[in-house]
Each structure stands twice: as structure tokens, then as C-alpha cells.
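Some structures are shown below for you to check.
Look for subunit A in each of the two complexes below; its partner is subunit B in the first and subunit C in the second.
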Partner chain A sequence: MSKIKLMLAGFTATVITLLIYFPIAVVVVFSFNEGIYFLLPLKGFTTKWYEEVLSNMEFFESIVNSMIVAAMTTSGALLVGVPAAFSFVRLRRNTPFVGFVLLPFLVPWLVIGVISLVFFRTLGLQLSLLTVSLSHIIYSIPLVILIVAARVLSLNPNYEKASMDLGADRMRTFINVTLPLTYPAIAVAALITFIWSFDNFIITFFTIGTEQTFPIWLWGSLRHPTQVPVITAASSLIIIIGSVVVYLLESYRIRKGIGITLLE
Partner chain B sequence: MKRRLSIYHIYAIPTTAYLLLFFYIPIITIIVYSFWIGGPFYEFKPGFTLENYVRFLTSRVTQNVMIVTNVVAFLSFLATLLVAYPIAYFLARVLKGDTGLRIILLMLIPLEMNYLIRIFAWRNILGEQGFINNLLLTLGIIDEPVRIFFHSMYAVIIVIVHNALPYAVFPLYITLRSIPQNLYQAAMDLGSNRVSTFFRVTLPLSMPGIAVAFLFIYVPMLGEFAIPALVGGKTFLLGNLITRQYLDVGNWPYASAATISLLIITLIASFLVFKYMGVRRLYE
Partner chain C sequence: MTTPPALELLNVTKTYGNVAALRDITLAVRKGEFITILGPSGSGKSTLLKIIGGFEEPDKGEVRINGQVINNTPPFKRPTSMVFQDLALFPHLNVFENIAYGLKVRKFPRDEIRRRVKWAAELLHIEKLIDRRITQLSGGQQQRVALARSLVLEPEVLLLDEPLGPLDLKLRREMQIELRRVQRSLKATWVYVTHDHEEAMTMSDRVAILNEGRLLAVGDIKTIYEKPCSRFVAEFLGEANFFEARVTQVAEGKTLLDTGSMLLLAPSKPGLREGEIIQVMIRPEKIKLAKREEPINRSKGKVLDLTYKGAFVDVKFETEHGYVMLARFTSTESINIGDTIEVAWSAEDVIILRCR
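Now for the complex of A and B:
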């Protein structure tokens, strides 16, 4: 009995270390290695790859572009999606709307990428960071709706009833009571959308013009073997910063009990 | 029954408008293209023909691509499930409180980071000059680099399992957690042993979790092109075919027919999963 439990515990620990953390740890360790390739034994400690990355203009521009895209996507998706999260819950029996909203969430990203490409090119739109955001918002809307709707669903209806009893009309109740209660979920939705959009490669690949976002820069650099140490250092930087942000975000979520939506 | 128009209908307008304009109309656009007369290098003409679909569905090459894509997608799903299930079981039914959830969080942290970085990491671990070969050579276990894990379907599957694991563990965790303890006691009282309890109680009740894992792994795999391009060697999947037809060959009608076929498969899979696997119940 406890032998099975022990085996399960061992299996879980092994998988998490070897399959999930090990590859990332290898990248971080080798980013400080003198040599160009991932060869053992390690050749000696150096920070020169970091210096190279930090003086690489293309890398910096790609990070800035990714932030611009992520910021446009997040604001767009929140503006359009948050009100719909309320419709999603309150018009719950309206299944066609649910399906209509969820479909972009279920199709492979490749489909969103190519339909956007064809649509923009057919309209004669110049591909740019804006078109990237427009295509990212397609996927972000259901993402925002699912996170915020889960919160709306768990709200205690007595708060709204109390507000109405005390003489507020529907509109005031919504603005002064309902909406503030969903702020934590909206904040989480915003951060998740931002991170997702910053990192997205597949959709971006089709809708980007001549500029580079961070994933596009990575994709281009991966083709040049001499770039390996630079990518290693750049990746490690993103890994370290990303871990901190994601850890803070996820602990906040667990503390506030938000966003355990299955479909997310 | 006619319902009163409420404020919540108005709140739904921006989303409806946005998705209509940027998602549904573009889909209709490529449906139109898929019936045009195809030709490479953007030399396609308006018209109405079923030629693109016929070519996509009957050509030996695309049939092979479809088979390989589905095999890779299915093996990835199966491998992920085999790894994820014991972990989800341990987190949901052995650990107490929200420890399990915290461990899932631990699994999610590295995965919310760029997946190209992770593919890059695997390339450097599985490669011919990679970490594993290097380690084995240094230790004297092998004499020359092993190639099986690089530039192959197996490398693709390993990377997918790495990517998809938390997305399989999480829904399984939720379903396994929601099975009431009484059911186990009842099964035991009625003389069922551990093995038969697992197959007759636990497994059937965790089907919704398995179905969601299927949606998270199988469906995205049908459109994946970066992983095979970076670690897959000659592995050429549907995603690679569509990408090449749109961007390199420039035959939009043919590429659109392939995309519409992919979309239809996706819709059928999602519909079946939602309809028959009790996912809806889980979400509510």
C-alpha cells in the first residue's frame, strides 16, 4: 500500500526534475560556459555571452516589439472580452453564444494564423505589429472570458441583491458592486494574456511584417549555429525573469482562488 | 420563449462583432479561396472547382502526411497520458490539501515560458553533439553518438510530452479529486480489489479529464509546425504542409482546402469530446 504511494511519489519527483526542469537547467548552466556547444566537461565560467546579448540591438528591439504587441493585445482583449464575460455567465443557457466565443479557443493556432494572413492580405493591409495584435486578440478574447467568467460565476448573488435593496439601480449595482468584485480576475486575465501574447510564435509567424518580436528573433537565430551561445544567454535571461513573474502571478491566483477554470 | 433584451446582450456586442470580423469572416474567406482554381507562386484565379479538395484528399503524399500527423499526435497523446496519469493520481488522491495544486504550479512555471526556448533546450540535449550523447561518450557507455533521439519522430514526441504534461495533469487532477471517497469504500465492501477498483471506478470516472487532455494535446498537434521543423528531421506534418503551401509555394486555394480539412477534423473532435465525454459537467 504505502509502497505504491512511495513509487508514485518517486515517479512524480523524477518526471518533474528530469523532464520539466532539467532541460531548462541545462540551458541556464551552459549560458555561463566558455565553450560554444553544449559539451562536457564545462570549459570555465564566463559572463561574456550575457555581455554579447545585452549589446545586441536586434535582441532589444525584439523584446520591445513583443512588449508593444502584448500591451496592444491585452488592452484590446480586455476591452472587448470583459463585458462579454458577464454575458457569458448571465446568459448561460444561450449555448450558441458560448460555442461562438469558444471556437477560436479550440482551433489550432496555425488556423488563426493563416486565416488572419489571408484576410489581411486580401484586404491589402500592410502586415505590422498591429496585425499581429489583431490576430492575437482572436485567441485572447475567449481566454479573458473564461478567466473572468469563472469569477463572476462564483460571486455571491446576495451582494447584488443587497445593493438593489439599498436603492441602487442595475447600472450602479454593476459599476459599484459587481465589477469591483471581479477586479482580481481581470488582473490575472490581463497578465496571462500579456505573457501569452509576448511569447506567441505560431500566430505571429504568419501575421508579422518586417519587424521582429522576441519569438521571431529566436526562430531566426536558431538557424545560425554560431548564435547558440547568444540564444542560450538570452533564453536564460528570459527564463529567470519569466519564472519570477509567473511564480508571483500563480501564487496570487492560488491565494485569491481565481482562474481554476478547466478550459484555460 | 422570447427573452427580454437585457444589458447582458449589449455587453456581448463587442466580442460578437470582433470575432465575426476577424475570425468568422476570415474563415469564410478561406472557404471561398479553397474553391478557386489553384496555382503556385500566387498565380491562382477566381472560379469554382473541387480540384483542391480532390488533390488534398487523394494524393499519395498528403495521405502519408495525414497518417504520420495522426500517428505522431496519437502517440504524443498516449505517451503524455501514461506519464500524466500516475502523477495526477498521486497529486489528487494521495496528497492532502492543496499541496497537489502547488506542485502543478511548480510544473507550470517553466511551461509558461517561450516554447522555442524549450525546443532549443531539447535540441541541445538530444542532439548528435548534444548533452546526452556527450555524457554517454564521456562515461564510455557508447563509442559513437546515438542518433535515434535526434532528427526523428521520437524527438518530436519527447518535446510534446514535455510541453503538454501539465495540461494533461491538471484536468486529470480535477476529475480524480472530485471522485467521492465513498465510492471506493463501496467498491471495496462489495469485494472489489485494488486493480478492479481502478479499472471499474477510477478510470471510467476520470474520462472527462482524459477527454480534455485529448483536446489539449491532439488538436494543437494537428497544426504544429515548429517542433517538427526544429527537432523532427524529415518528419513532415500537416502543419508543415499548410505553412509551406501558404508561404513558400504560394498556392492559396490548395493551402486553404488543407486548412479547411484540418478545421473540420478539429470541429468533429471537439464536438465529440464535448458531447459524449461529460466535459460540460466538469466545467460547471
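Now for the complex of A and C:
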């Protein structure tokens, strides 16, 4: 029995490694390759592509822009999504409103991009990082609602009752009890929204003005074949930074003893 | 002027849709009293507790604490505190923070909080657990923390909603005695809700029996057990033999009853009319092994079944009058299945089931 489980676990680990990590590893390896083509055999070790990326102002600007968009999207989505999640659960009713709000989740990104563009143009809005964030928020709100509502729904209502019984009014109960018990889900929703918005290309492509976000810069660079090694270096940098962030978050989670169950 | 009761319910009525959860409940609880609301699930006992705690509003009637009507007071302003069925200890706070919660939100000074938490922790023997996380506690320890969290506030009325439910039998017994000890030492007013009549017997000064939203009996458990006024109350508190009988004669405080095949003599009750059909009850432990000459309050029967229960043995036997009766004898009696036994009981142990 346990042998089968072990074999299954081993199989899963192998598949995940091959499917996800092998292509990533290839990119990282080629970022240190001296040749400018994505071809074997490797030509020799170099860090010059990294030097090139790190001296590229457009790269830095695009990263900063992506951060700004992701931050605005995350705040906007949380600001609308968290209260919406609470009211969904508190209403405890299956209203058509639920499906209505979750609809953007099912609309293809391309469609959201196009309608956003048409919408902003009709309103006469200047395309900018703000319009990018607004179009991202449309898609992120259902995501936040889904994650947070699941947590609020599983919250034992007696915690709030006990708090009120012990003398805390509704406001204090929300701050002292409800929020701390929901915050892991809010944090997860924020993290996912941030990463998603940072990475998004399709919706951004339609709603961005003259600025560049990181995915847009990457896509633009791809049109110049000599830039390919620079792109691998830039991608590797993002992967490395991402890994460090994930490592720090995970060690924090384990140190705090927050279980996976809290993240559901 | 006499001091008003610690807790008073006056004609409290509550309906959910078409279902009446509580019907016209009137009950007064003295200061320092341990009263148990006893009833099967769905009897309305939890609703009653929620109304006292302020989590539900009664449709009609008044809730008073120390003479003051608190109907429209929200739970966080009531001088009551509730120990929830699932305890609802805050999982993100440790033991100290849980116990101190009520004091903190009420803005007690830091020293006072520390002093009171220490007092409650000592009272419940949990001083050593004060820095633990809630998830690191056993079921019994969690009960104690939940109790401490309510007790530090010195509530006028403490409400307990079947808090011992999930514990195993041994720990349950221990906690029952512990709860009683704490309640006695504080001389506090406690309202305890349970469906377990043995639990009620162990702990309470008085018991209120609730069924289908109606208060059927209030009083000390001995009186209710021995002289219940309805079949439901009689059965809820233990086993009994029930008979339907016709009143044939009422005289000198006694009543002669005829079940059709057996004659019973019972103490009379006011308002009994000759010829009417009534219900009577005899508790199994009141039936004695004895021969009696006159054909009243006696029977003879064949033993059908024996259940050994330690100090006593339950004997099920079929009588010559056509009834299957249950008697409870001390285990020293040597009785076997198939034996014929002769039994008798006193007139005062034949209880007429009538509430008015």
C-alpha cells in the first residue's frame, strides 16, 4: 500500500520536474551560453548577457512598470473583492449576482483586452498604466472573491458570536477575530493577483499606451534575433528573484506554523 | 422589598417560520443557583440559551437580569457570558490571550487583566498551559480555557451550551464534578443546557425540562424523578412501568384504580373524578420481591430477561395480568430466566401522571 503511494509520489515528482523545471533549466543554462543562437552544443560560459540586461534601462523601466500595474491591480481587486466576498457569504443566498460577478473569470483574456480597449476609447481615456490596471482588476475581482469567500464560508460563525459575547462590538469583532482568521486567504489572493497581473501579456497588450511592462518589453525584444540571449538572461533573473521570494514566504509560513489548510 | 431573581424569563415565545421553538416560557433563576435546562435535541433549549445570551430576539416576552429588562441589549453589552457547544476558542490566540480577550476589549488595565487571568487559570488548574496554542490542548483542557475565558468577566449569569458533549465518559464525569466545584466556590448563577439527565442530576440545584418548546417541569431533580407529572418527563429521566387505568373510587386521600386486569391503590390527586381514564407510573426500583395477600398493588410473573448492571439487576417479567413489567433488584437476589416471581409495591409509589 505505502509502496504504491511512494511510487505514485515519485512518478508525480518526475513528471512535474520534467514538465515544468526542465524547460526553465534550459533557459537558465542558455543564459550563460556564449553563442547567440538557441542551439546545442553550448559555446562556452559567459555573463555578458547579464551585464547587457543590467545596463538596459528599458528592462528596468519595464520591471518597475509591471510592479506598479501589479500593485494597483492588487489593491483595487482586494478593495472590491474582499468586501464582496464577505457580503456573498453573509447574504447566504444563491443569487444570480454570484454568477454575474464571476463571469469575467470565464471570458477569454483576448476578449477582455479588446472590450477594455473599446471601452476606454469610448470614454476617451488616455491609455496608460492605469488603464492596464483597470482591465486587470476586471479579471482579478472574481479570483479574489473565490479565494476569500471560500475561507469566510468555512469560518465557524461561533468565533464571531463568542467575541461579541465577550464584549466586542461588530467592528472590534471584525478587526480582532474575523480579519485575522481570514487573512491567510486574503494574502494568498493578493499574491496570486500580483503575480498574475505582473505576468499578464494579452490584456496588457490591448490596454497599454506608450509605456512597457515586463512581458511587453520581452515580446518587443523577441523581434530582434540578436536580443534572444539577453531575453534568456532577463527571464533567468526573474526566475531567480521569484525563487528567492517563494523560499522566503515558505520558510515564513513553516516558521509561523500556518498549515496548508489555512490557505484553502 | 425582595431582591429580584438573577435571571427571569417572562412568557418568552419564539417561532421560526411556522415552527414554534419556544412557547410561553416563564422561569426564574435565583442568584447562585445552578439550573439545568434538560430536553431532547430540538426541544428549544439552545434557542432559549441564545435568547438569554442575546443572539436571538424573542417574538414575545421579557428577559430580565437582576430585575432589568435586557431584551434589546446586544450580546456585547449583556452581563451574561456563554460557553459554546464547540467552545469557539480563538485559534489565532494562545491560552492567555483567549482568557484575556473579554477584559482587553473592555479596556481593563494591564495589571488587572494579568491578575484576573491568573486567578481564573488557578481556579481551573491551567496555570501551566497559559502560553500554549489552542491546538496544543486536549479536549478537557480546552473546556477549562473556555470556562476561564467567560469566568474572568464575572458574568451575572453564565450560560453553558452542552460544553461536555465531545468528551469521553470518564473525562465527562470528571468535568461535571469540576464544574460543580467551580460554580459552588464562586456562588455564581449558571444556566446549563444538556440532553443527558445523568449530567443534570450530578450538577444541578434545579432542573427545567423542556420539550417541543414547552417547559414541562421545573424543580429539584429528586422530586421530578419521583413524582413526574407527565409520561414524557417520567420516561426522559429514567425507566418506568406505565399503565392506563380507570378511577373506580376516591376516598380518604387514596384512589382505587382498575387497569382492566389489575387493581392499583394510589395517593389521590385533586380533581380526580370516578370513572375517568388516567395514566399511572411505577418506577422499577420501587417494585419489591414480596408476597401480599390482598389483590391490590401486587403481581406475579415469569422472568423473561435479566440485565446485570453491577450493583443491581434489571428484571423483565410477564405478569399474570398480561403486562410486561420492569423491576430493579439488588444483585444479591438470585433470579434466573424462567423463574416465577411475586412482587408488590406501596401505594405511594403509584404515581398518577397529571400536571394540574
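Keep this in mind: the second predicted complex is superposed on the first by the 219 of 264 C-alpha atoms of A that agree within 3 Å, B and C clash if a C-alpha of one lies under 4 Å from a C-alpha of the other, contacts with A are read in each partner's own complex, and residues count from 1 in each chain.
As a working rule, a residue touches a chain if its C-beta (ideal position, glycine included) is under 8 Å from a C-beta of that chain, and two chains touch if they have at least 3 such contacts.
Given the structure is predicted, the values throughout are model-derived calculations rather than measurements.
After overlaying the two complexes on the shared chain, residue contacts for A:172 are found with subunit C alone; subunit B is out of touch. The larger set of touched subunit A residues comes from B, when the choice is between subunit B and subunit C.
When both complexes are overlaid on chain A, the residue A:164 reaches subunit C alone and has no touch with subunit B. Judged by the touch definition given at the top, the superposed model places A:156 against subunit C, while subunit B stays out of reach. Of the two partner chains, subunit B is the only one touched by A:246; subunit C is not. Residue contacts after overlaying the shared chain place A:180 against subunit C, while subunit B stays out of touching range.
Taken together, the two complexes place no residue of subunit A in contact with both subunit B and subunit C.
The part of subunit A that touches subunit B in the complex is made up of residues 5, 8-9, 11-12, 15-16, 19-24, 26-27, 30, 37-41, 79-81, 83-84, 86-88, 90-91, 97, 100-101, 103-104, 106-112, 114-119, 122, 134-135, 137-138, 141, 145, 170-171, 174, 195, 199, 201-202, 205-206, 214-215, 218-219, 222, 228, 231, 235, 238-239, 242-243, 246-247, 250-251, 254, 260-263. Against subunit C, the residues of subunit A that register as touching in their complex are 156, 158-159, 161-169, 172, 176-177, 180-181, 257.
Residue ranges on subunit C touching subunit A, taken from their complex, read 53-55, 74-77, 80-82, 84-86, 88-92, 101-102, 105-106, 133, 149-150, 153. In the complex of the two chains, the subunit B residues touching subunit A come out as 6-9, 11-12, 14-16, 18-19, 22-23, 25-27, 29-30, 33, 83, 86-87, 89-91, 94, 98, 101-103, 105-118, 120-122, 124-125, 127, 129-131, 134-135, 138, 161-162, 165, 170-171, 174, 212, 215, 219-220, 222-226, 230, 239, 242-243, 246-247, 252, 255-256, 259, 262-263, 266-267, 270, 279, 282-283.
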